[in-house]
Structure formats: C-alpha cells, structure tokens
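Both of the next two complexes hold chain A, though its partner changes from chain B to chain C.
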Partner chain A sequence: MEHTSLLERILRGIALTLVVIFFMFPIVWILMMSFQTNETILRIPPQLVFKPTLANYTALITGKLTTAAGTLDIAFMRNLWNSVFLSVTSVAVALLLGVPAAYAFARHKFRGSEDIAFTLLSFRFAPALLVLLPLTLYFQKLGLANTYIGLIWVYQLICLPLILWIVRGYFEDIPADIEYAYRIAGHSWFATFRKIALPLAGPGIAAAGLLAFIFAWNNFVFALVLASADKQPVTVGALAFITSSGIQYGQISAAIVLSITPTLALALYAQRYLVEGLSLGAVKG
Partner chain B sequence: MTAATMQRNRPSGVRISKKVLPYVLSLPALLVCIGILIPFFTSVVYSFQRYRLSQPWARQFNWGDNYISFFTDPRFWNTLEISLLYAGITVLLELLLGLGIAMLLQKRTTLNNFISIMLLMPLMTAPALAALMWKLMTNPGFGVLSYLASLIGLQDFRWASSPSTALFTVVLVDIWVYTPFIMILLLAGLRSLPTQPFEAAALDGVPRSFVFFRITLPMLTPYILTATLFRLLDSIQQFDIIYAMTQGGPGDTLTVFQVEAYLNFFQSTNVGRSAALMIILWAITYFLSNIFIKNWLRLRERARGQA
Partner chain C sequence: MASLELRNVVKRYKSQTVLDNLSLSVADGETLVLFGPSGAGKTVLLRLVAGVIDPDEGKIFIGGEDMTDLDAEFRGVGMAFQNFALFPHMTAFDNIATPLQAKRSSQNAMKAGVESVAKLLKIGHVLSHKPRALSNGQKQRTALARALVGSPPVLLLDDPLRNVDAKLRFEMRLELPRLLADRGATVVYVTQDYKEAMALGDRIAVMSQGVIMQLGTPEQIYREPANIEIARLFGDPTINLLDIKPSRDAKGIYVGLSNVQVHLTGAYDATVGRDCVIGLRPEALRFVDEGTPAAIPVTIEAETPLNEKIVTLVRTVRGREILVSRPAGTPGQTEGSAHIAVDGKSALLFDRASGDRIGAKNVVNLHSGEAA
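Take a look at the complex of A and B:
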C-alpha cells in the first residue's frame, strides 16, 4: 500500500485541498460577512481584509436595527427561541414515546410490531407535503393551527422514526441474558428496564436524541406550512428576513451564523454517532 | 430467535400481562402512525375531488379527472421531468464525488479524520439556510461567486435568477449539502472492508484499476446502494433548497413535485391537483423505498452482526 509515487501524493493533496475549499468556503465567507458593515460587503472586488464589527450581532440580539429611515424591529431572537423550544420539546416527547416502543420492538416480537415499525420508517421517506397539506385543514378545524402543540406533534414525524430505529438497535445489542438474570433475582419488569436496559443503551439514546434535535432544528417545510411569524423557527424566519426590505446583508449573514452554530456544534460533539444515525442504524462508524 | 428463548425463560410473577405489555409500550408510536395515516388517506380522497379553497361550494368527487388531466398538462410533464432530472443529476454527481472523496480519506490518519469531520458541516447546515448562504454569495450586486464568475469571463452570470442556469445553481447547493452524506457512509463502508483481498492483490501485483473494479466496488455495493437510494428518495422530494432559493422559479423552471404541490395549494388553492401530485410522488417514493428498505435491512443485520 505504501508505494505511492510522489506525483500521486501531490495530486491527492491538490484534490483534497480543492475538496476542503469547496465545502468550507461558504461557511467561512458567510462568517466573514457577518462581521462586516454593508459598505465593505458591497465593495467590489470583495474584501478579504476589513475592520470587523459586532454591529450586526448587537442589532439582532437587541432586536433594534437603526437605518437611515429610522429604527426597525427585528424579531430574530424570537425565531431563535422558537427553534430552541420546538426542537428541545419535540425531542423530549419523541424520547418519551419512542424509547419504550423501541424496547418493545427489540425485546418482544408481537403481532403487528414490525408493521408499526415499518410504517413509521416508510413515512420517513414519504413526501412531507402529502401529510402536511391535509393537516393544515385539519389543524384549522381543531384549533391547532399555529400552536406549539400542533408543531411539536408534527415534528414527531422526523424525530420518532429516527429514535425508534436507532435505539431499537442499541437495545438489541444488549444480551438478553443480563436482563433475565436481573428478573430472576426477583425484580419487576419495570425495574429491569430502568436499571439495566436504559443505562446500557444510554449512549445510543443520547446520540439518537442529539440527531433528532439536529433534524428538528434544520426542518423547514413543517413550520413554513403550519406556523405564522410568531411561531416560526430560524429556518423559516431567515427566509422572511432576506425578502423584507431595510435589512442589511451583514445582518442576514449574522442571523445565518447564529442559526447554524447550534447544529454544527452538536454535530462535532456527536460526530462519533453520526454515521450510524444518518443511516438509521444500518452502518456503524 | 431471542424472542423464542425469551418466551421459555420468562420469569413468573409479571404484573402486567406479558401479552399486553409490548402493546402498552408501543401504543404511543402506534397512535402517531394513525395520526400520519389519517391525513394520508385524506390526501387520497382530495386527489379524487374537484376541490378549490377559493370555491368550497363547488367541491365534489370528479374521480380520476385530476389524474387524467395530467396527461395533457404540459405543466405536469415539466414537473415530472425536472424532478427526475434534478434527482438523477444530484445523486449521480454526489455518488461520484462522495466515492472519490471517501477514497482520498480512506487511510486513518489524523489529517484525514479531521477533514472528514470538517466535511460534515455542510450536511449539518439546514438545507434552507444553505440555500440562503448561496443566495448571498451569488447576489449579482456583491456576491463573491458572481465576482469570481466575472473574473473568468462570465460577465452577468445570473445563477438562480436565469432559467438557463437555475437548475445548475440549485444542483450545486444540493451537492454542497449532501455529498458529505454519501461520503461519510462510503467511508465507513471502505474502512470496514476486510484487508486480506487487498493485501493478496498487492502481493500479486494486480493493477489498481482491476482492484478497484473487481474488489473494492463489488464489496462496497451494499453501502453504495443504501446511500444512493437514501439520497434518491430525499432528492426526488427536494423542497427546502429549491423553495428557499427560487420558489420554483424563474417561471416554472424548477417546479419539482413538492414545490408545485405547495404552489398549487397556497397560490392557486387547487387542493385536488395538489393532492394528486403528492399521490403520484408518493407512489414513486413508495416503489423506491421498498427497494431501499430491503437493502437497508441487509446492511443493518450485517452491522448488528459485527457489533
């Protein structure tokens, strides 16, 4: 394997450099734009050296934007809060519903178990709008339109299949004998689940939860269809941002940076589990 | 097998009946299933109706009319064509690129591991926000990519706002976001391959192209299939990137299935047509996902076996 020629190593180096530039450049560039004033952004050719300013971030955080035409209220912090709240609650609900179900699917073969598991999985791959468009009409009738509860319920479509299938794999990896031994010692089913199964599957549950969080955070279409401005997460809010007049490009960039930082940070933290999670438990990293 | 052994060894004195317990545990998941299935069947019903939100009084069953009218509707054929084209191009390019990058990073060095982690960042960026990032970079006024295009002689390259380059632009964004997905699955696949065949081939002095086509590719096939079908399923339903970038425009250049259904529902308030479009897309994805799940299960069993 080690007899690679010098030429080949140089070519590999060039190819890798190009790959890294292509995939990292947009993030670096937007990050740089977020520290620039509109004047430096609009300068041609684009500037690589500039005096960084935090003005874009302070405008977003205080929600007050001073322009030549006066002050403008921007509700970006509201969007950010919506994203945090919707993602955290959705994942919590999905864990509460999904982990016991995953345990049941892993440990008990019962009538219809595979059917439920596969229905959930197949809807992971069904077009979102197929379900969302009728739901908008139902939600209006039920009074769930533009409520957090309605949104959290719909977010289960993303979180639940993910958690169910990943955690199920982790439960299946626990040797059943450990659980029998504990049961034979006279402990109840619930105690076994809580004291043996849950701790052993802990890392898997945490990883599935983190991934579900990332997917919930990154979701766009659910909130676009079902939420209006005051309930919208950052993905939808940032889009409204770019079309509204008076907002400057530096602020849009800063909003994008604030919106993608949580998922990027979580992904770096949980990167060990990403391969397994992204393939819904089919590939081990 | 484990289930069978379990039936025999189950300790006595269970308070909740052992038959009922799994149902109790999975009941919430079951309820979510039902919650999904109800709107799904509602969509089926809508697709057989003449139903416009603007004319609720004229709502009635027209049976297959929504579907039949598609045959003579150039807008529908445009939707079908652009959806298949988009999915085909993105998945093919992402597969080639992802495989190439995975092979570059195959050796477990610190640098390679670091790069593979860095490349995850586009994948973890919300696709809608990724589209916004590229929108800022391709802005005709100040976008850095517009500037770079002008440097190589492409004056006034319009990116997503010109019908001739809109598809190219959204495909580029899709590649930026999703190539790392294929890359990371194939990298895991490559690194899990047994080393003996490769050592034997190197000892015998077998040419590298032969090793690649006769050893690497066949052994990697389950991973390639799973990654490709996974992407194909998502790509044919792409909404976020296209909607955030161009909202299906300019004109009807990029009205892929989900974007077209969204516009039908919210702009022309034609619920019937929108539902029929979604049912056709669902039929395509259902067909693909059946193939996918078969492959995915095989790979999953293999991964569990190694655990």
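Take a look at the complex of A and C:
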C-alpha cells in the first residue's frame, strides 16, 4: 500500500468517486426534491440551486396535503408508526422463534430435519400473490384480516426463513468442541446455548435481524391486500400521494426520506456488529 | 478419584465402525496414553468418556458408576481439546473459571482456584486477555488450566501439545508428568507422538482402526511390539525391517544377512522356512572391526548427526539399506566400507503375512482388551 504512485492514487480516487456518485445520486436527488415544491421539481431543465422549503415535511407531519384540488387528509405519520411497529414486532417474533430453531437445525440432525428446514425456506420461493388469495379468505374467516396480529403472522413468511437460514449457518460455524467444552465444564445445554452459542453467533443474528427488518419494512403486497388504511405501512401509504390532481413528488420525496431514515440509522448502528464478524481466534492458532 | 472402564463399546458413524467392541480399564490415578494414527478412534473414545457423544453399544463406568446415559455436565471429567476450544468471547480468567461457575463457587473461591492453577501453568499474567491475544502456548496452557481447575477425578487430554511449537512441546513433555502426578487424577492422554506416549504413559494403548492393538507399559510396547505396525510407530530412527527366511543349524535358529549367519535367541523353532521380517532397532546395531564373528560388511552411505545420537545409513552387499544409531560423541567411521554386528537377542521377528510378532507374549486379545 505504501508504494502506490501518485497516478494510482488519483485513479483510485476517481474510481471511488464514480462509484459513490452512482450509488448516492438517487438518494441525494430525493433529498433535494424533498425540500422543493412540485413546480421547482418539474422545471426543465432541473436546477441545482433552489429556495428550500419545509412545506413537504410540514404537510406530512400535520397530515394535511394541500393540492390544487383542495386539502386532502393523509395518514403518513400513522403509516410510519405502522411500519415501525409491524417490522419491529415481526423481527422480534421471528428472532424468538427462528434463533432457537436455527440452533436445533444446526446442532441436532434428526430425521427429516433437512426437509423441514428446506420447507421453511421454500416459503420464500412462492410468489406472494400466489398465497395471498387463500390467505385473505382464511384471514377473513379467522377474523385476522386487518389486524396487527394477522399482519405480523404473515410477515413471518418473510422474516422467519431468512433468520432461520442465516443464523443456522452461523451456529454451524461455531466449532462443536467449544460447546462440548462448556458442557464438560458442567453446564446444561441451555446454559451452553445462552452463554456460548448466542454470543458467538451474535453478529450473524444481528445481520439476519437487520436483513429481516429491511425486508419486512419494504414489504408492499401483503400489507396492500391484508390491511386497510389504519394498519397500512408507509410502502402502501405512499400510494396516497398519487392524487387526482397529480403526483405529489415533493411529498413523496419527503416521505421517502422519512421512511428510509429508520432503516438507515439501524444499518449504520448495526454495521459494527456486521463487520466484527466471527472472530474465533481461540480455536485455531 | 476414580477409575475408568469401557465395556464392549461400539461406535458407528453411518456404516463405518469407528470403535469396534472396545474394552479398556484405567486404574485410579493411572495415566493411560492412547496412541495411534489419525482415524484410529482415539478422539472418539475420549468423547464417549466425556459424554459429548453416545456409544451405540456398550457401557462406560467412571469410579464404578455407570455413566453411559449421563449427560456430559454430570460426569465430572475435565477435558483439554486438541484445538484448545477456548471460548473466544471470554477472557482467559473466565475461560478457566467456567468449571467453577458450574459448581456455583463463590467469587473468592473462584478467584483463588483460577489463580492457583494459572500460577502452576505460568499464565497468571495473561488472565485478563481474550484468547485472540494469547500465543499458542498460552492458549494451550489456558485450555489445560480449564481442564485442571475443578480437580476432576478423570482428566481427558486430547493431544494437547499438537498445536504448539516444538520447543514448548518439549518443555511440556517434561512438565506434564509431574503436573498430572501431583493431581492424582486418572488421566487418558491422546497423542500421535510416540515420545510423548513413552514419556507420559504408565501404560500405552496402541489403537488402530477402532481396536486396541496392544496395551502395555512403554517398555513393553518398545521391546515387545505386537506387530510390525507398532514396531514401526515407536522409535526414532525407525526400526530396520528386512525380509528373511530363518533356517536351522546345529547352533539353533539363524537368519542369513548378507551371507552372514546371525543366530537368534528365542523360541523361533516354528519359523524355519517361513517368510518372516526381522526388526532391528538402529541402536541395537553397532559397528565392529572386520573379522569379528558374524560381522556384516556394509558401505556407509550417509551420516546424520542428531542431537543426542548419530544415525548412519549403510548399504549391505545385497543393496538393502539399514540405519545404525550410536550415541553422539562416540567415534565411528564416516565413509567407506565397514562392518556391523547384529545383537541376536534384541532382534524382533515378525510373520510377513500377518505382521504379528512371533513369540509375542503380551499381545492383546483384541476383543477383551485384557492382556492374554
């Protein structure tokens, strides 16, 4: 690294800049749009210099959308809360169920364990639309349609297989000898699970939880069909910005900024767990 | 303290039998070394005793109690793993303290226990480090400390010196017997290093393919190996093995080596005319002056001085290569032709077809584990 020439460093800098611009441009553009009115957004050619306005955010937070056709009520803050609640609860439930299950699949090979694990994974292969119709009918019969419990349940289709399969891999990576050593030292299997397996698979569990959260957060079609307005997450709620008098680009942008903030914050926070990785330096020299 | 007994233990993985009807008993306070090539089933045997895997058949007794169906945490054994198996997220102190935690010892008792064993193993200064920050030698000592700290009546050591460097291995080989003797525990020690086996074992069980081929004192294993394989595994430089066919004359049974008749002492009457292999330890051969009775003419090919001995590779007139070892510092020829003499008493005779030593007295009955 020390022997890179000036030219190499410049070229590397340029390459990095290009990559960053490529990935960051849409986000930066959306951020800029969220501070503009629809008129300035739609101006041709687009302008980099504009007079920023907080009108979009105010509209979202107060829930009053003023359009050319009049004032419209939007439940964006309600949607945002629904998203947070549904995603957090779903991931929590999936972790609670999935982590012990992943441990069982990783450590105890029983008859049919592979089949069961694969069946759980296959839930993710099925197109959501395929299961939605029967699911809607069942949910209406069971009284689960348009309830948080029903939605969290369906969200397990997204979260559980993901957590199960990622965490299982991390558990399998822990050398069995480490767990044996703890057992031989005189601890029960449950203590071994809690004190050895869980901490060592910690980064994997964090990664799986984060991924599951993002998938749950981004889910659209389940919530669209199974939830009505007061239970809808932001993904579905964003449809409200397509009004009779046109698409409210400013508000959409502001909504996007607000709705990616939690996931972004979570990702930044969890990053250090993800990068830390499994450091099993104690096992091999 | 406790004795240890395995009775007709069978372990299979899929269709492969890893331990085949194996029986073994270790007396209270005894150190038994399990020696054998990888895949012999040594580690599996250790794990069965520890209780982390279950036998398909057979029983395991510790201190006279049937432990076969008991989980690992109730067996009260200490174990050190070949790969150390330290808990990477805990400090060395916490690693060592885990057996005491399980016993719900007080904080003070735990601290005292860990510190005394750490002092014994000279790792007192690294107790606050995580395993990642420890050298291999320190990791190995930490793993050993963890096995020792609870003063378990049975200690299982799975090749604990495998992953440490040669110097440390040498030091530990000297240190361990005293350490284990002080503890008074019953020890089962797994190794692939015959020197470790000889240095540590009260008895050695030589394993191969899931059975015990020979069980005896280090002396017995070395002097009276049950078969060619064991003879080859013990000893450095390796034993010289030459194909021969014994004959008889007025003075007794002899073998012809380069047209020289070497008479053997021992009950080898039945071997006359059979295809045999003679095993000659390099240190049982010596250079002699020409004209000595039964001297075999050889050409010296190469000489390798090792620390405490000099090993010479010689070639007989028939072109067979033989290693001769003599203590370092003793004078000897370094090139040209020479003569060697064979000590007929220390020669080992093996049946070529089966590999078994002829006249072996302490051959183990493979399926009972007892000396026949």
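Operating definition for what follows: the second predicted complex is superposed on the first by the 222 of 285 C-alpha atoms of A that agree within 3 Å, B and C clash if a C-alpha of one lies under 4 Å from a C-alpha of the other, contacts with A are read in each partner's own complex, and residues count from 1 in each chain.
Note that a residue touches a chain if its C-beta (ideal position, glycine included) is under 8 Å from a C-beta of that chain, and two chains touch if they have at least 3 such contacts.
Bear in mind that the values here come from a model prediction, so they are computed numbers and not experimental data.
In the superposition on chain A, contact is made by A:I214 with chain B only, not with chain C.
Of the two partner chains, chain C is the only one touched by A:L200; chain B is not. In the superposition on chain A, A:A181 makes contact with chain C only, while chain B stays out of contact range.
In the superposition on chain A, contact is made by A:I44 with chain B only, not with chain C. When both complexes are overlaid on chain A, the residue A:I27 reaches chain B alone and has no touch with chain C. Of the two partners chain B and chain C, more residues of chain A are touched by B. Once the two complexes are overlaid on chain A, the chain A residues touched by chain B in the first and by chain C in the second are 180, 183-184, 188-189, 279-285.
The touching residues of chain A, counted against chain C in their complex, run 175, 177-178, 180-189, 196, 199-200, 279-285. Contact residues on chain B toward chain A in their complex (touch as defined above): 2-3, 5-6, 9-11, 14-16, 19, 21-23, 25-26, 28-30, 32-33, 35-40, 42-43, 46, 100-101, 104-105, 115, 117-130, 132-137, 139, 141-142, 144, 147, 176, 179-181, 184-185, 188-189, 192, 198, 202, 223, 226-227, 230, 233-234, 237, 239-240, 243-244, 257-258, 261-262, 265, 271, 274-275, 278-279, 281-282, 285-286, 288-289, 292-293, 296-297, 299-300, 303-304, 306-307.
Every residue of chain A that touches chain B in the complex is listed here, in rising order: 1, 12, 15-16, 19-20, 22-24, 26-27, 29-30, 33, 41-46, 96-98, 100-101, 103-105, 107-110, 113, 116, 118-123, 125-135, 137-138, 153, 156-157, 160, 164, 169, 172-173, 176, 180, 183-184, 188-189, 214, 217-221, 224-225, 234-236, 238-239, 242, 249, 252-253, 256, 259-260, 263-264, 266-268, 271, 274-276, 278-285.
The part of chain C that touches chain A in the complex is made up of residues 47, 50-52, 71-73, 75-79, 81, 83-89, 98-99, 101-103, 130-132, 134, 136, 139, 146, 150, 163.
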